[in-house]
Amino acid sequence: MTLISALDLASVAVFALTGALVASRSQLDIVGFIFIACLTAVGGGTLRDVLINRDTVFWIGNPAVLAVAAGAAVVVFFAAHRLESRYRALVWLDACALAVAVPAGVGVAMGAGLGWPIVIVMGMITGCMGGLMRDVVCNEVPLVLKQGEIYVTAAFAGAVVAVIFTALGLDGGLIGCAAVTFLLRAGSLGFGWKLPVYRARAPRNGLR
Amino acid sequence: MTLISALDLASVAVFALTGALVASRSQLDIVGFIFIACLTAVGGGTLRDVLINRDTVFWIGNPAVLAVAAGAAVVVFFAAHRLESRYRALVWLDACALAVAVPAGVGVAMGAGLGWPIVIVMGMITGCMGGLMRDVVCNEVPLVLKQGEIYVTAAFAGAVVAVIFTALGLDGGLIGCAAVTFLLRAGSLGFGWKLPVYRARAPRNGLR
Amino acid sequence: MTLISALDLASVAVFALTGALVASRSQLDIVGFIFIACLTAVGGGTLRDVLINRDTVFWIGNPAVLAVAAGAAVVVFFAAHRLESRYRALVWLDACALAVAVPAGVGVAMGAGLGWPIVIVMGMITGCMGGLMRDVVCNEVPLVLKQGEIYVTAAFAGAVVAVIFTALGLDGGLIGCAAVTFLLRAGSLGFGWKLPVYRARAPRNGLR
């Protein structure tokens, strides 16, 4: 197994856990858990593979990833009540999944010989879109768009690091990408690092 | 016309009726009816065709299916007020559409020579994703995720039946698939068959 | 640069402005602005390219369009407070974007040698789906489905005009398409032109 497919599989498992946790917040049944877990787990990578016109979408070539996602959903269905806070578990697992999905997306795009701007975008898509689909389908406020939180920014920074490592001919770009993505996202969750949000500046600029 | 394209066309027509009924609940105009009807009717099959990289998405190769969907939308626009309960009509038509869309998806995936896990998933995608798109766009609680109702499970069981028939070399797998899917879904609608849903088990595990 | 890529680029820039304005209504940070701007700007054209199985999605072949969308988002982030009404700016810019995106989609589909029904549908998809994705992700009522407003209808009429011009061997079909699309949409915004909406006709046909 290559590093990239290991990363893909790790992101599948961890994103599936987050999907199942969101399903538990919507009080779905076990099939609903598996459905949302699979959607979250393979959503970003599937979009990446369709966009870059890969011969075979990764989970069609290797259906075992769906079994991994389904297994993660079953574990959450029976064990989630043991968690102190399902929401805390959700956001931290989501951060871990992001940190492995971004380098997986970057690696696939580099392997397809794409230019650096598209490599960065594919890293961001692989990292962010599965969680976005999860939240849109379950009608949650998307984590990826939480006001001011560092999320897409973390994916962007991680992907840029991988591109720079490659441009300089250094090894370890995907590891660096995972580390930077996780540290930025974790800083936002743990220390409240934030970006400034847009605010309408005068009453005459109300929301309507 | 092969059995599979007949199934595809039937699912298009019936899903289009459900799309138009949801549009009537949102009080859209006739173009909105046609839009949601087409989205619902071809959404699942389109996703299937894109994922398995078919040369041509089914409705691009045969645009008549869009005319069928639009015609169904027009019928609903002018006749929906005659229904006793549009919601009841919606869920039962949706069950019929599911029962023809799943074998259609299974048939296409088998024809493409895919392995059995992907055949099952493609049956589920063809059956469930058009309705999911309809409900997400119209901001309804997705039928596919109604708590405890047998929906994705019915699609899964039907697809498994088709795969078993084929593995045993029996004819009639697609008919069996349609029957099992419809019976399970109808049992859930008519007799209240349910799956257990997840419940947080102690107050300290509140929803947040 | 051909007329079609100029239209594609113009629709990217203007749709990006609308995406950033919706992001401002959700009070996102600058990365959220760029994310929604890019999603809106390339969403419709991407779906078109995936559906017609183009070799390369347009922005993967030309990543500069993402820079244009990001630039538009930055401008809105710093300048939106100067607008009298961000909502008015949003709907009018959206009308302009629609009027360039529909002919762009029509042109691409004609260039791919597709039949006229699919040419019309691809014009509508390119025009309408980016804005729909923007509104679904930001949980706004989709502009494209505002009750009775002429939106999808305008896209449809414009695409039909382009097809008729081509069938008659006339030049200027794409210009005519843009003009008709804009006039119908502007008439709806400026003069309140509306289509009749569906209404349940008797109390016994309540929404449930």
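Note that the chains take the letters A, B and C in the order they are written out, and that residue 1 is the start of every chain.
Heads up, the rule we're going with is that a residue touches a chain if its C-beta (ideal position, glycine included) is under 8 Å from a C-beta of that chain, and two chains touch if they have at least 3 such contacts.
All of these numbers come straight from a predicted model, not from anything done at the bench.
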Across the interface between the identical copies chain B and chain C, with over half of residue numbers shared counting as same and under half as different, the residues used are different
For copies chain A and chain C, the superposing rotation on Cα atoms, rounded to the nearest 5 degrees, equals 120
Between chain B and chain C, the Cα-mean centres are separated in Å by 28
For chain A, residue numbers touching 2 or more other chains are 50, 136, 139
Counting only contacts in the complex, chain B reaches chain A at residues 50-53, 114-115, 117-118, 121, 128, 132, 136, 139, 141-142, 144-145, 147-148, 151-153, 156, 194-202, 204-205, 207-208
Given the complex, residues on chain A that touch chain B span 23-36, 46, 50, 55-57, 60, 63, 66-67, 77, 80-81, 83-87, 136-139
